[in-house]
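Please read through the structure below; I'll follow up with questions.
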Amino acid sequence: MSAIFFYNFIFYSTAVIAVVATLLMITRHNAVHALLYLIISSLSMAIIFYLLGAPFAAVLEVIIYAGAVMILFVFVVMMLNLGHRSVEQEAAWLPAKGWIVPSILAAVLLMLLVAGLGEPENLRGVHLVGVKEVGIVLFGPYLLVVELASFLLLAGLVGAYHLARRSTPPTPKYGDAQSHFTPVSDSEADEAATDQRIEEGKA
Amino acid sequence: MDILWLIPTLPLLGFTILVLSSGRMPREKARVVGIGSIALSFMTTLYIATQYYAAASHGLDHGAGFTVSLWPWIVAGDLNLNFSLYLDGLSLSMLFVITGVGTLIHIYASGYMWDDPDYTRFFTYMNLFVAAMLMLVLADNLVLMFLGWEGVGLCSFLLIGFWYKDPENGFAARKAFVVTRAGDTAFAIGLFLLFRELGSLEIQEILHRATDEWEVGANMPTLIAILLLGGAVGKSAQLPLQTWLPDAMAGPTPVSALIHAATMVTAGVYLIARTHPVFLLSPTAMTLVASVGLITLLIAGFTALNQWDIKRVLAYSTMSQIGYMFLALGVEAWDSSIFHLMTHALFKALLFLTAGSIILALHHEQDIRKMGGLRKQLPVPFWCFLIGSACLIALPPTSGFWSKEPILLAAWEVDPVFWAGAVLGAFLTAIYTTRLMILVFFYTPEGGPPETHEPKGWQLHPPLIILAALSLVAGAFHLPAADALPHAHEHHPPLWVEVTGILLPLVGIFIGYQVFLKEKWQGLRLANQQALRDFLAKGWGFDWLYDALLVKPFLTLARLNRNDLVDLVPKGVVVASTQCYYFFSRGQNGQLRFYVATMAAAAIMIISLALFT
Amino acid sequence: MKKKTGLGYQIYLCFDYIYSALVTLWGVFSHTFTKADTVQYPDEQPHLHPRFRGRIVLTKDPSGEERCVACNLCASACPTDCISLQKTEDESGRWLAEYFRINFSRCVYCGLCEEACPTYAIQLTPDFEMAEYERQNMVYEKEHLLIDGPGKQPGYSFYEFSGKAVSGRQKGEGINEAQPVDVKSLLP
Amino acid sequence: MTPVMANILNVVCILVFVVFGAAMLTWVERRILGIWQDRLGPNRVGPGGTLQIVADMIKLLMKEDWVPAFSDKFVFVIAPTIAMFVVVAAFAVIPIAPGIGVVDLNVGLLFFLAMTSLGVYAVMFGAYASDNKYALIGGIRAAAQMVSYEVFMGLSLMGVVMLAGTFDLRQVVLSQQDGWYIFPQFIGAFIFLIAGIAESHRTPFDLPEAEHELTAGFHTEYSGMKFAMFFIGEYVSVLMTSAMITVLFLGGWLGPDFAPPLFWFLLKTIILVFFMILVRGSLPRPRYDQLMSFGWKCMLPLSLVNLVVTGALVLL
Amino acid sequence: MTDAVIIDHAFILAAILFCLGLTGVLVRRNLVFVLISLEVMLNAAGLAFIAAGSAWGQADGQIMFLAVVTLGAAEVAVGLGLTLLLFRRFNSIDIDQLNKLKG
C-alpha cells in the first residue's frame, strides 16, 4: 500500500462521490435534498482541489461555496417555503421524456470534451501551489482581477439588495431636501406597501 | 495676454451653468449668471486692451497680433490645427463691441424678458451666442472661426424661434437657418479651396502665403474671394441672401439688437476685413463687394420706406447700413468700414432697445400706425430714439457722421457711381428715419396717442442712456482696428462732394417732415401708389423670386421623384429584414431552457469544428 | 429631546456598553467567594420558621376540644376552593364540623384560610413533605387534619370568650364576660 | 511503536479527550454557574457530581428516539451529525503541544474557518427538517447570525496571519516565542472572542435558541441522542474557540519550563472556557436587530481597521 | 510529484460535472434548481482551471478559480434576489412561465 496508491484511491473515490452526488442533485425533487447533495459535491471537489496541490482553493471552495453561497440557497428555499407542494410540483415538472434531449446533448458535449482533451504527455505531474504564491501573483500581476472581483461583488450586493427589498420608499421630489432625512415610520411604510399591493391587485 | 482664453470661456461657463440647471434656477440667479458672465468677459476685455496697448507702445509692430495657443485640436496627417486664439486690433475692436454692447443688452434683456416663463433658456442661448461670437472673432484658424460662425448661426436660429409655440416664429427661424446655410456652404467650399491651394488653415499664414504665391487678378484668389463673399453675404444679409433678416425680427427685441444688428450680422464684414489680403488680390471681387453693398443699401433703403412694423424698419435699415460697410470694404476703406461697424453697433442697438421699450410699453404692439405722439409719454425712449436716429441719418457731430462720411469720400475716390448711390442711400435713410420718428413720436393719430404703461424693472433705461451717450461721442474714439488694417488713402475730393454728403440727409429730413407731419406733397408718399407699395413692402419681391426659382422646382422634382425604381432597393431591404426578423424572433420564445440548449448545441458544433477539421 | 446621532456619540456608546459589560462580569465573578445558599435537603434539613406556610392542620383548644366552629369563612376565603366542610352541633351546643376536607392537590398554601379563621382552628405548619403516589391520597379528611394540640396559639380557647352557653357553662360565666342583661328588670 | 500507530493513538486520544471534555464541560459549566449564582450545581452523582455526565448520557440514551412524523427524516437525522462532525473536524488542526495534534495543515487556520462556516448547515437543516415554525425562525436567525459573524471572525484572524506570515497554526504558535499576539492584536482577539461566542451561539448571542421567544429554536423538535449531539457540539465549539484563542493569541503551549507544554495549553484553554461561562452567567441577551447591527456596524469596521493598521505596521 | 494521469482525469471529472450541470439547467423548470445546476457548471470550470494550474505549477489557475468563485457568488446573490422577486410577483418560479420577453 504505497502512498501513490493511497493518493489515487482518495482521488478516485472522491471523484465518484462528486459525480454521484451531482447526479443525485439534478434528479432530486426536494430542493433541500438537492442542496445537500450539492454541498457534498462541493466538499468532494474541495478534497480534489487539495489533492491537486491547491490547498488555498480547496479551503476557499469550502468557505465560499459551501459556507456562503449554499447558505444563500438554503436561505431562499426556506423563505420561499415551498413545502410539500413543491415536491409534487417538481415531480410533475420532470417527465421521463424531458430527460432525453438534454441527456443526449450533454453526452455528446461530454464525448467531445473528452475527445478534445488531447494526449496526456504534455501534462506534468501535480504541483503544489501554496497560499503565498497565489497571494503574490494575485496582488501582483493580477491586481486588476481583484478590482474586478470587488466591483462584481459590489454590483451583486447592490443588485441583490435592490431586488429583494419589499417596497420602495417614496421618491423625494427635487429640492425637497427635508424628505431625505424624515424617517418613515414602520406603519407608514406598511401602509404604502398595502396601497401598492392594492393597486397591483387592481391592475 | 495669458488670460485671453477667459473671454470666450466665461460666457461658455455661464451657458454651462444655466444649461445644467435645466430651467430650475430662480430668475434672480439666472440673471446674475447670464449678465455676470458677459460683464466679467467685458472686464477681461478691458484688461486685455490695456495690455495690448502697453505692448503696442513698447515698440511692437503695429498691426501684429498675439497668438495664444491653448491646445492641439485636430491632428490628422498634414493637418495640424491648434485651438489657438489670435488678438489684434481688429479682433480687439470686435471684442469691445461684442462684450460691451452685449453686456448692456443683457442688462436690458434681464428687465425686458422678466415676465417670460423661459427666462433661463433665454439667457442660456444668449450666453452661448456670445461665447460663439467671441470664438469667431478670436479664432486663429479658419476652422475654429467656422466653429464660431456656425455657433452663432445656431444661436440665431434658436433665438429667432425663441417663442417656438407660434408657428410663424418657427418658419422665420428655419428660413434664417436655411438661407444662411447657403452662404455657409460657399464659405466652407472657400475654406476647402484655401486648404487645398495653400495647405494651411492658419489665417495669418494663409494671408502671407496668398500674397506670396498669387498674383493680383489671378483666377484662384478671385474664386476664393467670391466664395468667402458668399459666406459673408449670407451672414450679413446682403443681396442676394438678405431675405431672412426682416423675418428674423420674430425673435425677442434684445436678440434683434444683439444678434441681428450689433454683432452677428456684421460677422460677414469681419470676415472680409480679416481676409482682406485675399480680396486685395482680386479687383473683380472687390468690385463685387462694393456693388453688393451698394445695391443692398439702396434696396433696403427703399424697402424701409414702406414698412409698418417698427422692427422691420430697423431691420431694413440694418441691411442698408451693412451695405455701407460692404461698400467701404469694396473701396478699400477698411478702417472706415470697421469704424462704421462699431458706431452702427452702438446706435442700432440703441434704436432696437428703444424700440423694445416702446413695444413693451404698448403691450407688444409693433405696428407704427398704432403708435404716434408718444413723445410725452415715453420721454427717455424718445430722446434715446432721437439720438439714435440722428446717428443713423449721420448728422454731424454724431458718431454716425464721423463713420459714414469717410465711406462716402472713399467711394468718390474709387468711382463716383458708388458715391452717388451711397449719397442716395443716405438721403433715403434720412427720409425713412424721419418717417419713423414722426409716426412714432410726433404724429398724433385720430383718437389720441395709445395707452402706455410704465415697464417694470430698473434694467430698461440705464443701458439706453449709456448707449445714447456712447452713440453721440463714439466718433472721437481711436479705433484699434486701424492698426490691423492697411491705411486708407488720404482723400481729397472736391468740397461739393463733402457738402452734398452732409446736406442731402438734411433735405431728406425736411421732405420727411413735410410729407409725414405736415401732410403736404402727398404725391411723394409711396403709400399712394398701390403696386409700388406692395412691391416695396414685400422687399422687392425677393421672397417670391426665390420661391419661384428654387423652392417650387425643388418641390416639384421631389414630388416627381417620389415613386421611382431606385426606391425598390431600400424597400426590398426593408421587406427582407422584416421577414428575417419574423423568422428569427420565433426562436426568441422566452424559454430559458431553449436558449441554453441552443447554446449547448452551438458549443458542440464549434468544438467539433475545431476538433475534426 | 433631540436624538443624538453622530460617530462620536456612537463610539461613546460602544465604550459605555463595554464598560457596563465589564462591571457586570466583575460583579458576577465576585460571587466566586460567597457562600452558596443551597441546602442539601434530604441529607440536611432546612430550617423552617414557624410561620412557614406548609401543610394545613386543624388545632384543638387547651381543653382538647376541636377549635373549628365550621363557620365556613376559610372555605369562602380560599382562592382555589380546596376546603369543604359541613357544620353540625353536639349535644352540649358546641358547633363543630361534621366533615372537614382539604384537597391538597389544589391548595396553594397561601394562608388566607388561616387569616380568615376566627378561632385559630385552621393553621399552616412548616411541613412540606406531602408527596403521594396516588392523587386521591392528597385529599385530607378531618381526622387527617386534626392534631392534638393548640398549634401556634397555646392557651386560647374560643368558647371561653364567646359568650355562648356550652358544656354546662352558662352565659356570663366566661372570661371577662358581663352578666347578660335581664330585660325584665328596670335597673340599668 | 510505529509512527502510524502513534498517529492513530494521537487521533483517538484527542477525539476521546475532546468529546469527553465537552461532555464534562456540561457538568463543569453547571457547577461553575452554580458557584457564581450562589448555588451548588450538580453534586450528587459520583464524587462532587463528576459522574453527572454519565447519568445524563444514560438518560438521553434511554429517551425515545423520536422523529416527528411531519419532518423530513433524512435531513432531520443528518443535521445533528453535521453539528458534531464540523466541530470535531475543526479540532484536527489545533496544535495542542509539540507532538500532540492530529494534523499540521499548511492552511490550518483556513481549514478552521471552513469548518466553522459549515456549522451553520446543522442549524439550518435541523430547523428546516423539523417543520416547526419556532425551529424555522430560529434556523433563519442562526443562519443570518453565523454568516454575519463568520465574516469578521475571519477578518479578525488575518492580523495574526500577517504577523506570523503563515496559515500553519503550529508556526503561529512558534512565532509567539517573543510575545503573545494578544498584545499587538488585542482588538483582533476581542473580536474573535465575540465572534466565537456568536458562532457557537451561546449566551449572550443565543438568539437562535432563545428559550423565551422560540422555545428552543432550531432544536425544538430534537430529543434523545440527536439533541445530545447538538448539545455536545455546542460545548465542543466552546472548547474549540478557547483552544483557538489560546493558539492564536495566547501562545498555545508556550510557557515557563517547570510544567509540560500540555499543561500550559490546557490551563489557558480552561481559563478561557471559564471566562466564556462567566460571560454566559452575567450578560443579558441583546435584541436580534441589535445583534446584527452590532456585528455589521461595529465589529466589521473594527476588524477592518485592525486589519489595515496591522498591515500598515507590518509593512513599516 | 505524482502520476500525470491524475491531472488528465481531473479534466475528465470537470467535463463530467459540467455536462451534468448542463443537463440540470436543461431539464429543470424550477428556477432554484437551474441556479443550483449553474453553480455546478461554474464549479466544474473552476476545477478545470485548478487542474491546469496544477499541471503547469502556476498560480494563475487558482486566480482564475477565485474569479470564478466571485462570479458565482455575485450571480447567486442577484439570481436569488430575482427568484424572490419573481416568487412574490407571480407566485411561481417556473421558468417556462417567465417568457414575457419573447420576440
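Each chain carries a letter (A, B, C, D and E) given by its place in the written order, and its residues are counted from 1.
Just so we're on the same page, a contact is a pair of C-beta atoms (placed from the backbone, for glycine too) under 8 Å apart; a residue touches a chain by one contact, two chains touch by 3 or more.
Predicted model, so just to flag it, every value in this text is computed and none were measured.
Quick one: which chains contact subunit C and subunit E both?
Joint contacts: the list comes back empty.
Where the contacts of subunit A and subunit D overlap, which chains show up?
Touching subunit A as well as subunit D, we find no chain at all.
Per-chain Cα mean versus the mean over all protein Cα atoms: which chain has them closest together?
So the chain sitting closest to the middle is A.
Using the touch rule from the top, work out which pair, B-E or A-E, shares more C-beta pairs.
A-E
What is the chain whose Cα centroid lies farthest from the Cα centroid of subunit B?
Farthest from subunit B by mean C-alpha position: C.
Distance from the CA centroid of subunit B to that of subunit D, rounded to the nearest Å?
85
How many angstrom lie between the centres of subunit A and subunit E, each centre taken as the mean Cα position?
Each chain reduced to its C-alpha mean, subunit A and subunit E end up 7 Å apart.
Can you give the whole-Å distance between the Cα centres of subunit C and subunit D?
From the centre of subunit C to the centre of subunit D is 51 Å.
So, what's the distance in Å between the C-alpha centres of subunit C and subunit A?
Distance between chain centres: 69 Å.
Where in subunit B do residues touch two or more of the other chains?
Correct list: 597, 600.
By the touch rule stated above, which residues of subunit C touch at least two different other chains?
Answer for subunit C, listing residues that touch two or more other chains: there are none.
Can you list the subunit A residues in contact with two or more other chains?
Only 56, 60, 68, 75, 77, 79, 101-102, 105-106, 109, 113 qualify.
Judged by the touch rule stated earlier, which pairs of chains are there in contact?
Once each pair is checked, the touching ones are A-B, A-D, A-E, B-E, C-D.
Applying the document's contact rule, which stretches of subunit A touch subunit D when the two form their complex?
Listed in rising order, the residues are 30, 32-33, 36, 39, 46, 55-56, 58-60, 62-63, 66-68, 70-71, 74-75, 77-79, 130-131.
For the complex, which residues does subunit E have touching subunit A?
Touch residues, subunit E against subunit A: 1-13, 15-24, 26-30, 32-33, 35-37, 39-40, 43, 46-47, 50-51, 53-63, 65-67, 69-78, 80-85, 87, 93-94.
Going by the contact rule at the top, pick out the subunit E residues touching subunit B in the complex.
22, 25-27, 29, 34, 95-96, 98-103
Quick check: in the complex, which residue numbers of subunit D touch subunit C?
Against subunit C, the touching part of subunit D is residues 34-40, 278-279, 281-283, 298.
Hey, which residues of subunit A end up touching subunit E in the complex?
Those in contact with subunit E are residues 4, 7-8, 11-12, 15, 18-19, 22-23, 25-26, 31, 34-35, 38, 41-42, 45, 48-49, 51-54, 56-57, 60-61, 64-65, 68-69, 72-73, 75-77, 79-80, 86, 89-90, 93-94, 98-99, 101-103, 105-107, 109-110, 113-114, 117, 120-121, 123-129, 133-134, 136-138, 142, 145, 148-149, 152-153, 155-157, 159-164.
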